[in-house]
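First chain A sits with chain B, and in the next complex the same chain sits with chain C.
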Partner chain A sequence: MSDDLSVQAPFPGVFYRKPDPESPEFVQVGDDVQADTVVGLIEVMKMFQEITAGVAGKIVSFEVENEGAVSAGQVLLVVR
Partner chain B sequence: MTGLTSIRRVLVANRGEIAVRVIRACHDLGIEAVAVYSEADAQAMHVREADAAVAIGPAPAKASYLRVEAIIEAALEAGCQAVHPGYGFLAENADLPRACVAAGLTFIGPDADVMTAVGDKVEARQMAEEASVPTVPGSGRLATPAEATEFAEQVGYPVMLKAAAGGGGRGIRRVDDSATLEAAFVAASREAEAAFGDGGIFVEKCIVDPRHVEVQVLADTHGNVVHLGERECSLQRRRQKLVEESPAPGLPEEVRDQLWAAATRLAAHVGYTGAGTVEFLVDSATLDFYFIEVNARIQVEHGVSELVTGIDLIAEQIRVADGQPLSFGQEDITFRGCAIEFRVNAENPRQNFFPSPGQVELLKLPGGPGVRTDTGLDSGDTIQPFYDSMIAKALVLGRTREEALARARRALAEFEVTGVHTTLELQRSILDWKLFTRAEFHTGSLDDFIVEWVARGDH
Partner chain C sequence: MALRIQQPGLMTTVQDEGRSDGYRVGMPPAGAMDKFAYRIANGLVGNPDGLAVLEATYLGPQVEFTEDTVFAVTGADMPATLNGEPLDAWASHTARAGDVLAFGFLKSGARAYVAVAGGIDVKPVLGSRSTYTLCGMGGFEGRPLVAGDLLSVGSGVDGTPGRRMDRDLVPAVSGAVELRVVVGLASYRVEPDSLAAFFETDWSVTPDANRVGYRYRGGSVEWVPRTQPRGAGSDPANVVDIGYPVGSIQIPGGSEPIALLNDAVTGGGYATIGTIISADLSVVGQSKTGDVTRFVPVSLEGALAARRDAAVRLERARASFSS
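Entry: the complex of A and B
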């Protein structure tokens, strides 16, 4: 587990895994991501901000479901 | 006070300052108010101030405040006879009034069909034309650049090219002269085809540097329609209003008369009931005005109209929904002085207005003569990241605009918020901005001022 890297919410809000309801998810478990890969959006007070992985690796799990409430620093997904 | 006949308990289907505002109106009318709350709002002021409260779901609005069935269930469970939607959330979703009627509840707002009709841009524009209310000159759907050129020559440049199937600003282009029209038409049509699967384009006259002026109307179910004057709302940042005032400074009496008449004519024509707003663009140079849209709800800035008329708009909404005729006519409504509202938001204007949710350590509201504050927060409360960024509205009333401005300076100096970033410092600077104090602004002015203000830095 020591190789696991977490991607955290930089600020609180609602986490979205898709750019809009009709589109597929930005990324899935098993996808390889780079530091600048967009992994989701966080809506804070009606403003949508793209969240990038910040680390490189393969996505192991999502810790927050689509449209789930998140607090600042909360782990969104785990990358290995 | 006129007692209400059928409404004894109102479900307030909202949160924050507007929920508190509605609860206060209910209490002034001697009726009870029931709050609804998401998991994030269990401790919120609107819950504390209400006579009862019903939990309606998780924090994200989609899972709570935007659920029609949860609102109806809460109203029935709490024994309410009526539902007040506030603004935002479900306020202009006709499914709520429809569901209310189906459940035997009174919806405090316009009829569902009227709401749907005025909410449709094309239909609203058509109804405005039927009521002889001026609209922005626009073409029908055009097939070729040549047709667009012909129309543009008629109404004069600049013009806007818009997607017939449009929305969200996509496919919109401004064209300043005939030389660039053909290329712009082809590009706009291609963009519209890609975005909406329909390359249809129409052309509208572009109103350069307009002012945004809106008229507050109030109508009962007995055919009476009155207006409560106009509000000047041109000071916007990216279409978000930051400062509003009534009356609109510098508008000649005859223009105001025409605006009022146009708004009440439209409200009567569509069969509007309750409180509503008719928005117009006013050409700063010619003072010609054009209908934009009807807002079928109470608005954030309703307080400035209340201050200059002394009428409680929320209480009137409830009386109208109760089936009562308005207790006053147009001739009974008098306007005194000048009222200005400043929206204080939890945003950092020095970081591109990035939202600043979190705990408000201290909230010190201004007071004294001619000052009103509407808020849904107390010191120690938390501003949630899930909803809008409003901390409070600070309103001032003066006998003249100068007196109102002086009161605003004093009130915003008294106003203190710690724990989160706010727009307070920007609002104070706006009071020293010559174009504001001289009322020489249009809808683009504030964006320009903010760029200068940020560049100037702290001082």
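Entry: the complex of A and C
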């Protein structure tokens, strides 16, 4: 467990796992990500901002569901 | 002297007191959303009132100083660092050429201010250096900053490093916000019971909350039945066009109130059921998506007293500066 790295929301808003409703999720549990891999979007102030993993590893879990409200610093997903 | 923007943050703009002369002809003021934090930031670095600063919303920028200077960070709790070393907010500091100011995740509040000795030296437009993004005017090229921007800083202010405001005077910010409201001018459009309920509702700030306005969710209002007046729209929230004060609250459709703020349209055809008092606009500017907000009715006399109190608080904060 000590190897778990969390990807946090840098600012508050609504978290989206897909680039648009018709597209598949950016990433899934089990996917390998790099620091620059886009893992979702956060919408705030009528802007959509891409959220990158910031760390490299394999996605263990998502802690926020698609279109869930998030606060700044909230854990979005866990990477190991 | 200049500031080089390495990373812009989410929404960072140049702001000052705003343009005050154009409201009557439809020009919104723009300007810093939290005037207290803005004015203290200028004061800490030794700037005269009214110089331009950076306003960063939710996510701070990464900024390189091209020459030695003095700067201060105030506003939201967004832990600042200089070359990676933690830095006190509400205090002025010396930066050396090549030093980099950066910010950590937002802890509370919404907007941080960065003042630099001499102020951000963009060309004033209609009497202000504030950015009004909807019209692409003022500030730096009329837009939020992007990576690579190089912002000139004014000369003529030596700067006062090591100046700090009394920590006890830092405004308390929490996720539970109370905003005082003078009821009217078009509150007669809402059923009295419903208007009373409006002030008993926990409203939450939606993601639709920016310099133009804040949209809230949490309840709805019932309109007084009426025959649509000539010149008004068909929505029961419509009236014949009126002026919108900064801070006025309208409720298109009857749900999701919108508080109009510094960059909002100055008039239109929605009933304004109340106006957030000027003394509390800085509180709005530090509230963020997800915060719970209560609107509290206050008399005009109460609003004026609050405005005097806010002026006293600002003077007390300035008098507390120590080095």
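Here are some notes:
Basically, the second predicted complex is superposed on the first by the 80 of 80 C-alpha atoms of A that agree within 3 Å, B and C clash if a C-alpha of one lies under 4 Å from a C-alpha of the other, contacts with A are read in each partner's own complex, and residues count from 1 in each chain.
Keep in mind that, in the parts below, a contact is a pair of C-beta atoms (placed from the backbone, for glycine too) under 8 Å apart; a residue touches a chain by one contact, two chains touch by 3 or more.
Model, not experiment: these values are computed from the prediction.
Of the two partner chains placed by the overlay, only chain C lies in contact with A:P10; chain B stays clear of it.
By the touch criterion stated above, A:A56 is placed in contact with neither chain B nor chain C.
Of the two partner chains placed by the overlay, only chain C lies in contact with A:G73; chain B stays clear of it. Using the contact criterion defined above for the overlaid structures, shared-chain residue A:V29 touches neither chain B nor chain C, since it reaches no partner. By the touch criterion stated above, A:M45 is placed in contact with chain B and with chain C alike.
Put simply, more of the residues of chain A are touched by C, taking chain B and chain C as the two choices. When the two complexes are laid over each other on chain A, chain A has residues 11-14, 44-47, 69 in contact with both chain B and chain C. Contacts from chain C toward chain A in the complex involve residues 10-11, 57-59, 105-107, 207-210, 288-290. Per the touch definition, chain A reaches chain C in the complex via residues 8, 10-14, 43-47, 49, 69, 71-73.
Chain A makes touch with chain B in their complex at residues 11-14, 44-47, 67-69.
Against chain A, in their complex, chain B makes its touches with residues 40, 58-60, 62-63, 346-347, 354-355, 357, 385-389.
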